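After this come two complexes, each holding chain A, first together with chain B and then together with chain C.
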Partner chain A sequence: MRDFIIPDDAYVPASTADMGTPPSRATTTVTLTVDGMPVTVPSGTSVMRAAAEAGIAIPKLCATDSMAAIGSCRLCLVEVEGMRGTPASCTTPVAEGMVVHTESELIRKLRRGVMELYVSDHPRDLLTSPANGLDEVQDMAAAVGLREVRYTPGENHVAPCMANGEANPRFREPDRSNPYFTYDPALCIVCMRCVRACDEIQGTFALTVQGRGFESRIVAGQDQPFLNSDCVSCGACVQACPTGSLLENSVAEIGVPERTVITTCAYCGVGCNFEAQMRGDQVVRMVPWKHGKANHGHSCVKGRFAWGYANHGERILSPMVREKITDPWRETTWEEAITFAADRLKAIQQEHGIDSVGVITSSRCTNEETYLVQKLARAVLRTNNTDTCARVCHSPTGYGLKTTFGTSAGTHDFDSVDFCDVALVIGANPTDAHPVFASRLRKRLREGAKLIVVDPRRIDLLETPHLGEAHHLSIKPGTNVAVLTAMAHVIVTEGLVSTEFIRERCDWDEYLDYAEFLSDPRHSPEATEAATGVPPEALRAAARLYATGGNGAIYYGLGVTEHAQGSTAVMAIANLAMLTGNIGKPGTGVNPLRGQNNVQGSCDMGSFPHELPGYRHITDPVARDIYERAWGVPVPEEPGLRIPNMFDAAVAGAFRGLYCQGEDILQSDPDSSHVAAALSAMDCVIVQDLFLNETATYAHVFLPGSTFLEKDGTFTNAERRINPVRKVMAPKNGYGDWEITQLLANALGAGWSYTHPSQIMDEIAATTPSFAGVSFDLLDAVGSVQWPCNEDAPLGTPMMHGTGFVRGKGKFVHTEYVASDERTGPRFPLLLTTGRILSQYNVGAQTRRTANTVWHDEDLLEIHPHDAEERGIRSGDWVRLASRAGATTLRALVTARVAPGVVYTTFHHPTTQANVVTTDSSDWATNCPEYKVTAVQVMPSNGPSEWQEDYAERAEASRRVLPLEAAE
Partner chain B sequence: MSGGDAKLVRMANQIATFFETQPGIDPAAATAAHLNDFWPPPMRARLLEMIAEGGTGLRPAAAGAAPLIRRPGEAPVHAVPVDPGVPPVRAGEEAAPANPAFQSEGGSDG
Partner chain C sequence: MTETEIRARVAEAIAAQAGREGPLLPMLHAIQEAVGHVPDEAVPMLADAMQTTTAEIHGVISFYHDFKRAPQGRHRLRLCRAESCQAVGAAALHDEVRERIGLDWGETTPDGRLTLEAVYCLGLCACGPAAMLDDRPLGRVDAEGLAAAVAEVR
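Moving on, here comes the complex of A and B:
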């Protein structure tokens, strides 16, 4: 007998089949027969799914395996021996010994009756419709053998005109307001799959059914165009729609896809897996992959829709060089550009010393690319001057978690959120920055989990529909450590600690010491209120809830790390988890939400100037020896320059050459004028990117990069999950980024001969213990793995510190609050904090070059009505935002989402240049910039600041390009 | 003081401030350990010069770190174990920290 038990998350590469209903989580099984075939499935499985697992596809329209069945279309009827009537198989659970028949004369008759009704109110000729080939009404009509429709054309939603020639009041024109998809009501069968997708999967509740019976139709918001409704354009409804009523515009433009490649989104740290659905070498659409372990078939507007930048007209495809940054660019050949770059780097090193050059990689690059760039620095340029943009976001996470737990990474996988009872979200805005995770969290919140938000701003998570108990601690920017320590004070002094956990997993004396420290009245919420602005009772209630509310999971973001005390705050978070025993079991843990797609990976790959791959310190002779043998050269043993150190050294004249891959340091690093001064002081800046980014304004060599669609590799998401990126088309610029790095290395005499990124991963695995088991073959076989992946854990490690901490005993570090130097005063009385929004990504280089700009075409300054009124500012006014570092102008949005005294903006647009205002203040341990706190003044203004004008002029001048012919 | 020097002083003081709040350790030694592990040689060299010139503006733990700061070009000061944030991975695998600031019973058995 064939055994049909298939594990929950089985990876069957070919299987995209819709199983009809979601899998059951039950551990007990039930055996039944379907059309004579015995099937064993977990109890709670639907008859429809059991049949599907036996390979029998029962006709259906309203059911799909991404959401709970509602049994409305009645097409999936079956007969069950001993049961009366014909139950709907999607809503009927299996039972032991059940005997199911999916076909019979009666069933066929009933199904044809159902289909006849559907077809009578459905466009009959789809030959020239974009939905042709995708409309399941067609498929089902065929499946049930519908041969005639007896109803004469009468009232319908399909025809613009009625039989008498008058306009059909039921007909509606398609809604084309969303730039990526169209809603054509004529094709709608009101199966409610879209409504359920929006509610259950996305959690936005933007769609409803209006009217009843024959009159019912799907509407967005209050019967608005999609664009003006609450819709966040995640596309879940489009994916769920069985008829093509909701359909991607790209399908209408290109046609139905013919093949599929599984790959990974290149935007945020959630790391959603996608099916790139292709026609030839053209992407028709990106559909979130249902076997993706981070996203389970869901995605956000960026990953699903905003990939058009790959074909944007501003993309640079030819290498360019210039003598001076004031010259126009000169297009040239790859050979000349690489030689030019290599010669300059060599000359600089000869004249100014080995350590006068360095490299910066981006968290947008693959692991393989990042590994190669740090190898280029260490093995070819022979310097540890290598850093990554993770410096400016999550370096304190690395330091803090390594100190307390022993590993520079989050503890749990995203699936763990399904088991949490209390979610403590600190300094993160998941609905905008980690949307798919936010949807999963919202689902859990709807199921009754409680929410605590620690943030200066009222984030959207607090507006979750059907949210139960929720607390918002609205803190003054820069006081995280005081708030977290006060929470620990409450937990300790009110006796809410988990002594059992601490005795077993931590050092008891050390705990007593920390408890004494915490018990001091100076840490009480009453005492810290003056600094933090959090009412003591609110803080106490939140602390009690986290300690006693069941499984408590902490999710935090850059609002924790990007502070002068970022590393201390991370340790304070770890302490909270240890004090309450909220670690080492599902539904708990300390989980950093990483900003960019490969922040985790770029840290893992040894991009930091003090660390070799796998977080082994550069002074560690054992680790150095491994690489000296692998690379055949001595590895320098002194820590190199970090990004801010590079800028300082450049201004001082000691650092003169930079290879910068995929990172726009000018726009994304703080204190833009200082960065600009540093870049202009260098003799050779090599920028490798898709577009002439802001940094390229100061570059001498531009090497055009490739997109994630054009190369193979891996990204590692916030859960330590190594996800494959697969090449779906040839690189338009000619080379994958890893090949470009190799060209440069070889021009510097390296003699590398990688022919495929899988060989780079093999080298990483051979030299890095936590990656020992990773290979492209493994990823092809199982989809993705979470490191550590080695002999002890051949399929990876979803949850860390299960029975013991990696470092042995958990470490309680004392967390004294130290007020940031960045304080308000008479000149700069407000605190600026920064963030991002859903539709744009980071510096926006990609998303600004897609239709996503319809949602966010400029950065706005959010200011509290009280502060606005004092200054005579109204929404939409131009305001000047100034700090001790610089000034910029942008438009104001008056809103009570920010507290009085706090202003907030995003940094997606180069014209705004929010980082002109941010200062060089940084985290004590890692130099991670203090983006989240800047003392500022805001005043009405009527034009761009001096910097903006100067910069605009310079940027324009520096973007001039002489084409290849003209140069000859 | 030049802008660059002032920044070094501020950063060294931030580090010193942190270690001064940790119990049962010598903050100067821990500060030195952190600088050895994270600061590149030119920055350490400049800081040592400034300490030699009197260490204006430096907190005691920062100024007092001088003897244990590795001189660029010289061998590591072996008496000082590395910083906690980067456990030495002597066994070739991620392991436990060895900074006195963070060493605890059982802390080094991982």
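Moving on, here comes the complex of A and C:
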């Protein structure tokens, strides 16, 4: 006799078996007997799940373990001794001493009767249907031993024509409006799994059951095509569908997958684990992995569907070089391209000095690749001129949280959101930029947690269906620090401070000093209203709620960091958490939502010019010594150039060579004209990317990169989770990105001999205390770990600062609001702020090359009706958007989502190039650009700006490629 | 009724019921009362008022036969098709009535004056075949009597 106990969290089950209903969180257990076998499970577990734990699969159609049971399909009936009738096992909770029989003559008869009805209105011949092999109706008919169907022919939803040859009015053509999946109503059994997945898991509530009885149909919206409804194409319904009624088009095109590799999505900082389901070396579909600890089986439209860019016709697969950036590209061999690049870098260093070259590491590549690129700079080029795109997004997070708490990272894991009572979301738009996290937050909000949003724009989170109490502080762009300090003022002056926490965990004298600073009336909401635009009563209510509403969790994004006072705002956030004791327990914390898949990792890996891996300062002799021993070369002591400094130095002629891996600095960095001037002034720009991106317009060497499907490695997500990335196919370009960096390093004389990324991780672990316990073997065994992972925490650290801050005592830093230099005036009377949209990602290099463009094929300028009317602008009009840095044109969308005086756009499309307009204003501590505030003017326009015309011409000329043969 | 008028009436009906517990069904009844049916454009307005989505509202409306999505006739004749009435010959009667007034189930006369509906029990089982013309219950009806009653209101 075996005894079954549900394993604890640390266990990674290899099985993908559907347990029927979600696990119970209860800590007390119950023992029952299922088919003579004793089973021990947490109380609250369903009989169906208890049976599954014992290895007994009860037939089912409407139940699945990702959503609550509804007991609708009547197939999972069981007999329970002493209980009347035949209860549905999915909705019947276990009880102590219960005796369950899952099979009996009566149950078999009932199940066959139910299946016979299902099959009577279901296509019988599935041999040539795309759903063949995936239809659980087939499986269940087999499981219950259905041998005959007496109800045929008759009224049905299946046949296009009736017996008399007339069109069947109940038949509906499949809905093919979504580019990635098809809804075929003929296969639908109305089990409502899709509706429940959309409601419970995704939280969009886009689907419903229309009608009743035999007329019941699953429809989107008001019986609309999926594409025109509220559907956000997350794929949860497709994953939940048991019949293939909702099915990925790729399965219909390629066939049912034959093997599965667990890997990690390469889009945002949520870091969802996926099953890459394969046929041969072809990806059939990406399905979110139910045991993924960041996503728990959920996904968004990008990770789930937008991976086709790997096979896009514009992907470059051969290395290319050219003498001058005005020449056409010449395709060449890897050997020549690498030698060309290495020779140029060497020549530049000889002529202009060691520090005349530098590297930019990628937040899109793996930890191992990032580590190698900074190692190339430090150990081979012998310069600290290394930086990463985190410079332009979350560098203030690194600085601010390191100063206050002692660690440059978020404090909690995403699971913590399940315990929060008040979510304070500042300068983030999770439903678009971190959709899977947003779904988890929305679930918690539906359970009753309260929401405070601090944002100039009315973000979609505020439109969450069935949202309860919510506060929106609609601030003027650039006044975060004033608002956060005013909230702290309210908390201190109204006596809402958690004195006990501060006495125990923070420096009391520093607190007293900060409290005195805060108590000054100039920080009161009444005094700051003029600057912030937030009504004092609204601000006071929000501050009181955060301080007294139970577990308060702060989630923030680039709307906090990308400001002149970005670092100050991060510290103001940390102060709020410390003042109220909202740190160190589940459901609280300070959590940056990081933009790119591995932006946390690229910072961890020593990409910054002043930091070695693990955030050890470059001037720290102990840390330098570790690397000097490991690398066998002296490590330069002086911090190197940051990205903006590189540009400035390039324009001045001192910085002449750049190796830029997987980042499109021209499109993503502010003040595009300045970036373009810097790049054109260099002697050697080496771009490593999948596509001829905008930066490549100014490059001399193009090294084709590999996708996340073509290499092994790790990504680190926003919760410090090190997730495995697995090679599922050979690199189409010939090499993984780490191999290309190694080729370049060796051409520069490095003599590296890595044969697998696991060796690079071993080197990282051996030299970085917070990664000491990390290895590919460990990741294989446990799925993923959150750093610090070392002797003290062999399985990682889900929550930091649990009993004490990493730096010792939490530090309060004064947060004086200083108005941005970017302010409105007569010439530029509006404030531009920028953001993201769900279907596109960052500069769009990948998502623009997928069918995601059906949702967003151009950047639009959102403008308030009042400002639009003043200027005679209507939705759809072309408008010129100008700042002191430059001008661009795009189309307007008139909407009250933005406040009067504020305009908003995205930067996904290179034809728009919103960053032509953004300026060189940046964070005082870290130089993070102030993307979120630019003073602008908007006026009607007829066509593209001069920059757009010049640039389009230049980009087109620059993308000419001479094929290999023609060059000879 | 112009679209603006319809919207105004819908908004008024929604506002009148707001603040009730479980206000959706009262809102739908109020809209149908004010407009004559529940127009599609009411669905997003209801979704806003209820902090939910159009799909959920649509699901509720389509579940209830009595909520109409399109304009109905000014008068409504409902014929009971449930068991008791069937037992006293309702089926044959209904064939005759449909023939006489030229309407099938759910149809409205071209002049918009009469809609014919099926109903499944009016609680008048003791005096079937039963029918209901607008708010007036009718017992032991025959084709002649129904035609006369209909002619009276048309």
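Methods note: the second predicted complex is superposed on the first by the 959 of 968 C-alpha atoms of A that agree within 3 Å, B and C clash if a C-alpha of one lies under 4 Å from a C-alpha of the other, contacts with A are read in each partner's own complex, and residues count from 1 in each chain.
The rule is simple: a contact is a pair of C-beta atoms (placed from the backbone, for glycine too) under 8 Å apart; a residue touches a chain by one contact, two chains touch by 3 or more.
Because the structure is a prediction, the values reported are computed rather than measured.
Of the two partner chains placed by the overlay, only chain C lies in contact with A:465; chain B stays clear of it. Touched residues of chain A, counted separately for chain B and chain C, are more numerous for B.
By the document's definition of touching, neither partner reaches A:16: not chain B, not chain C.
When the two structures are aligned on the shared chain, A:333 is found in touch with neither chain B nor chain C.
Contact with chain C, but none with chain B, is seen for A:222 once the two complexes are overlaid on the shared chain.
When the two complexes are overlaid on their common chain A, residue A:499 makes contact with neither chain B nor chain C. Once the two complexes are overlaid on the shared chain, A:640 sits against chain B while remaining clear of chain C.
By the touch criterion defined above, A:205 lies against chain C but remains apart from chain B after alignment on the C-alpha atoms of chain A.
Per the touch definition, chain A reaches chain B in the complex via residues 355, 384-385, 398-400, 402-403, 406-407, 507, 509-510, 513, 517, 564, 567-568, 609-611, 614-617, 619-620, 622-623, 626, 638-642, 645, 648-649, 651-652, 654, 769-770, 804-809, 811, 813-814, 816, 818, 821, 920, 922, 924-927. Within the complex formed with chain A, the residues of chain C that make contact are 40, 43, 51-56, 58-59, 62-63. By the touch rule above, chain A contacts chain C in their complex via residues 204-212, 219-223, 229-230, 464-467.
Interface of chain B with chain A (complex): residues 4, 7, 10-11, 14-15, 17-18, 21-24, 34, 36-43, 72, 76, 82, 84-97, 102, 104-110.
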